[in-house]
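Note that the chains are named A, B, C and D in the order they appear, and that numbering of residues resets to 1 at the start of each chain.
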Amino acid sequence: MAIRPGPNQYGKAESRVVRIYRDTPRHQIRDLNVSSALRGRFEDAHISGDRGDVLPTDTQKNTAFAFAKEKGVDAIEDFALALADRFIDATPAADGAKVEVEEYARDRIPVDGSGHDHAFVRTGGGTRTTAVNVDGRGDDRVAHVISGIKDLTVLKSTGSEFFGYLKDEYTTLPETHDRILATSLVARWRYDAAFIARGEVDWDKSYESVLALLLQRFAEIHSLALQQTLHGMGESVLEQHPEVAEIKFSAPNKHHFLVDLAPFGLENPGEVFIAADRPYGLIEASVIRDEATEAGNARLGLPGFC
Amino acid sequence: MAIRPGPNQYGKAESRVVRIYRDTPRHQIRDLNVSSALRGRFEDAHISGDRGDVLPTDTQKNTAFAFAKEKGVDAIEDFALALADRFIDATPAADGAKVEVEEYARDRIPVDGSGHDHAFVRTGGGTRTTAVNVDGRGDDRVAHVISGIKDLTVLKSTGSEFFGYLKDEYTTLPETHDRILATSLVARWRYDAAFIARGEVDWDKSYESVLALLLQRFAEIHSLALQQTLHGMGESVLEQHPEVAEIKFSAPNKHHFLVDLAPFGLENPGEVFIAADRPYGLIEASVIRDEATEAGNARLGLPGFC
Amino acid sequence: MAIRPGPNQYGKAESRVVRIYRDTPRHQIRDLNVSSALRGRFEDAHISGDRGDVLPTDTQKNTAFAFAKEKGVDAIEDFALALADRFIDATPAADGAKVEVEEYARDRIPVDGSGHDHAFVRTGGGTRTTAVNVDGRGDDRVAHVISGIKDLTVLKSTGSEFFGYLKDEYTTLPETHDRILATSLVARWRYDAAFIARGEVDWDKSYESVLALLLQRFAEIHSLALQQTLHGMGESVLEQHPEVAEIKFSAPNKHHFLVDLAPFGLENPGEVFIAADRPYGLIEASVIRDEATEAGNARLGLPGFC
Amino acid sequence: MAIRPGPNQYGKAESRVVRIYRDTPRHQIRDLNVSSALRGRFEDAHISGDRGDVLPTDTQKNTAFAFAKEKGVDAIEDFALALADRFIDATPAADGAKVEVEEYARDRIPVDGSGHDHAFVRTGGGTRTTAVNVDGRGDDRVAHVISGIKDLTVLKSTGSEFFGYLKDEYTTLPETHDRILATSLVARWRYDAAFIARGEVDWDKSYESVLALLLQRFAEIHSLALQQTLHGMGESVLEQHPEVAEIKFSAPNKHHFLVDLAPFGLENPGEVFIAADRPYGLIEASVIRDEATEAGNARLGLPGFC
């Protein structure tokens, strides 16, 4: 009987790296949450507890903070790639490294009509994310980048229907031609490895553009199902962004139930709703481009459906 | 030996009331979290389980949703006051009622340069709150309103010092003349009962103005202690808002520790920080106006220091 | 116009102090969350930013860890009192100090029928709490202790009714003679200052006994209202515990709604429920002993209704 | 350019199903959180918004509650399998279904030395989970079951070392031969499809035994690395449970840092620690049996590393 270690990874999660640029009185701030993980030939640590191959998670944390100074923090994708490469270089037993970064957006506090030099307020509108996977080193190096946004809470107060669905003996849901559609969106888009290899992606610009497009399409599409809304959003992203190979969504359907006001002698033509917590629908969808490069290990170690 | 019921209150917490105004194609949305509580002569329910005096929490919930239609939702303070009065009217044994409302801010989703008619994205920058307490009915009615904001996450990357503090044998903290000052602010300001009685408060306008002032003063004040920053913020609010009798703050000092990069041969002149979760400083402060009307039951049933 | 600082307090919240006793191979563990706050004559810090009177929150944290070694951690009430006294002694401007401690219970991991010497698993069944307030020093010292439990999630599957309540035009709730009663209880009981002054309270024993009694009475009392259940629980505690002056409860009524299975041709005689999150009833009740010593500042700076 | 839907799934998440058995005065309770998802040929819903193939998430929820009555709730694995089969039967376009169930453990409240008939308290010690994936129907049906536990918070106060690790220029971690080892464990074990097909698994008995073994081995193994502890735990499970094909762990290394008490003239020989929140190590490991049946779609739609 052969019992042996299977797939594994290890690293330091959620180092809260805050980088201030103060070269001029007008400071810049990058407010990050950094997680890293290594995978590879670490059987000795698992079987005998020999850590000779193991770069400690504490060292991974130190490197993240040191790189915030040494390399600086520009686009989080570049920061994550630099860390992943470093971890592979420093760890001979590592076959690959994953680095995930979240960035919390901040606005300057308005004072007398303009933004303050060094005072900031955290904004909503979702959290930017990236998850980088690097396989190998030197000529064999392959870099994967999946960027995204999470906690993007959006709502349409009309322009959403749901009817004509499959029915069985457990069906009680009434059909509707006007409902609230609301979700707290997670979107993750995979950049085409060929574009990455050629250095052709402007991360910040691409992020801003994809995000604006996701919002716009959510607003514009007359929804017949959350699936169709998500597909339409993703399709537009792929049409307008050749550098994006694939996009995946995880969208809780945050139910807003029309409240029955009839017992109180009141009509309720789509005006008063109760927002429910649980249960919620959970729609997960993806849109892919056929001719894009293969995903390979891009999603290795990431949450979510395959 | 006399063992008897002491102070008590009961109600329905966290009804998520969403009100859509759709009289024109350009919808409006008010997204609320409503909690109510009644206090008074409910000893029978406590001692014998007789509920004849008890307006059920379910009815309180129903009323909140019905009022969203019947009365509409304009300023959350007016909505809360209407509910509190209703609960007292409907419940002879009630001496008073407390209604708390949170409102989640939403922006219109930008499409082609302008905001969409019926698609919204939730924004950050804190959550607006109000807590209304009404005592009595008819000529004896007294209304209290404490409005505020919570989860207002602000940060200054410089302009904050901490030195010259009391030292003892357990002191290890080094003095600093340049640190990050960050907090997730809760502010609650009590409106002067005389202004409320005269109907002189424009709730929305007052809220917007107080919030802008809090942000501005946080940015402007060179901080020698978080206490002094909070006091300066509150002082400005009271100076510019005669309708505000008092303001209270609860401000976690969200520590950002300068990372020691010396082991890696790097300097760190205020550039790389680690944001810590726990423990955190917790500074609670208030600023009051001497000639303001007394608080009375304004804070009854509210969390926080007295 | 006089604008001035009002009530205030400051301190270090949520220091996670873990104390291991390892004098023998059979280790003991105390796993605490410690928060402290000072109040007093700190106007200079608020008005001018002068911190000469301020014992930093960092020092408060240091003291908590140092005392875990110097004084040890026995009953959390004693630990909290020792810290509060220390903070008052070390801070001439302090008039009082509040120290709150939570303790996470752990069982030994069972191995071959007995508990392991140094391996532990965290148990449920609620978190023990204490909140100590000390006013003054020397002969003027007054110590208050409010101990309790939180997150005690209990449920009765029958033995709970709700009928005969006040009705109005917003009432839709049907009466019931058999429902699920469930709550996540917070209970806080104030020890009589006279008993504290005479050193007559065995904190650990009192806690265990009160907790057992609360559970037993919750189980035994046939409930006509959550208020009546809470009152009966509190009454028993005061009857059997002369050292307890008062007990307060905050009890969310965690609704379990009977699911309508009739559309599927099924009966549902109290068998299938949906547990709801929000909204929830929130019942807050207290039971007091008339001849007990006055509360004074016992509840100063604590959350909850007065 | 071909842009098309990729992998997708949809369903209802987190239906809180509570089932009471009251055939005798001694009630039984099963307290569940049920999530389901369907995958298959749902392109029409994505592309055109045609929902004719879509069994609504609302119907999935209804079915979960109806089955709690019709089929009853015995082992959560059986309940999940019954639901998954039902969803596939009711949905011609579905190729597969995933059903996840969490169960919250409850003890009877002790009254006079024995457990009460219908009063329960929620216990800690982790939450039981299962995730079932069924592919196909009829003769092509394949059922996968991955059961587990989460939020199992365990700690060793000694018997853990960490030394001899790989070092680089960012290493500052000191080696240690005695540290606290603590984690909040997630374990998920996959049952061998052959055992499932033959109906040879006693789910409840297997769960209880695996859980006891995980705890025991965590306690017993002298730890040289968290990886080695996890491997040893998993190895024992596979050795003693032929029905288990594979086990995966996700284990945050919840750091407990020895506090430096030297500034206060105190020694700290492993007695006083500060428990930290973030960052944390995150060790993910698996142990597999070579000759076990292949995983196939067992992990489809599940979180975690592949």
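We adopt the following convention: a contact is a pair of C-beta atoms (placed from the backbone, for glycine too) under 8 Å apart; a residue touches a chain by one contact, two chains touch by 3 or more.
Because the structure is a prediction, the values reported are computed rather than measured.
Undergrad: So if I look at the partners of chain A and the partners of chain D, which chains show up in both lists?
TA: Looking at chain D and chain A together, the chains touching each of them are B, C.
Undergrad: So chain A and chain B: same face meeting same face, with over half the numbers shared, or different?
TA: Shared-number fraction above one half, so same.
Undergrad: Specify the chain most distant from chain B by Cα centroid.
TA: D
Undergrad: For chain B versus chain C, what separation do you get between their C-alpha means, in angstrom?
TA: 24
Undergrad: Please tell me the distance, in whole Å, between the geometric centres of chain A and chain C computed from their C-alpha atoms.
TA: A distance of 39 Å separates the two centres.
Undergrad: Between chain A and chain B, what distance separates the C-alpha centroids? Give it in angstrom.
TA: 31
Undergrad: Can you tell me which residues of chain B touch two or more of the remaining chains?
TA: Residues 15-16, 62, 66, 170, 172, 263-264, 277-278 of chain B each touch two or more of the other chains.
Undergrad: Okay, in this complex, where on chain B does chain A touch?
TA: Checking each residue of chain B against chain A gives 15-22, 27, 29, 31, 62, 65-66, 68-70, 105-107, 109-112, 116, 118-125, 152-159, 180, 212, 215-216, 218-220, 256, 259, 261, 263-264, 266-277.
Undergrad: Within their complex, state which residues of chain B touch chain D.
TA: 169-170, 172, 263-264, 277-278
Undergrad: Please name which positions on chain A make contact with chain D in the complex.
TA: 1-16, 35, 37, 42, 45-59, 61-63, 66, 90-91, 162-168, 170-173, 223-225, 227-228, 230-231, 235, 238-239, 246, 248, 252-253, 278-291, 299-301, 303-306
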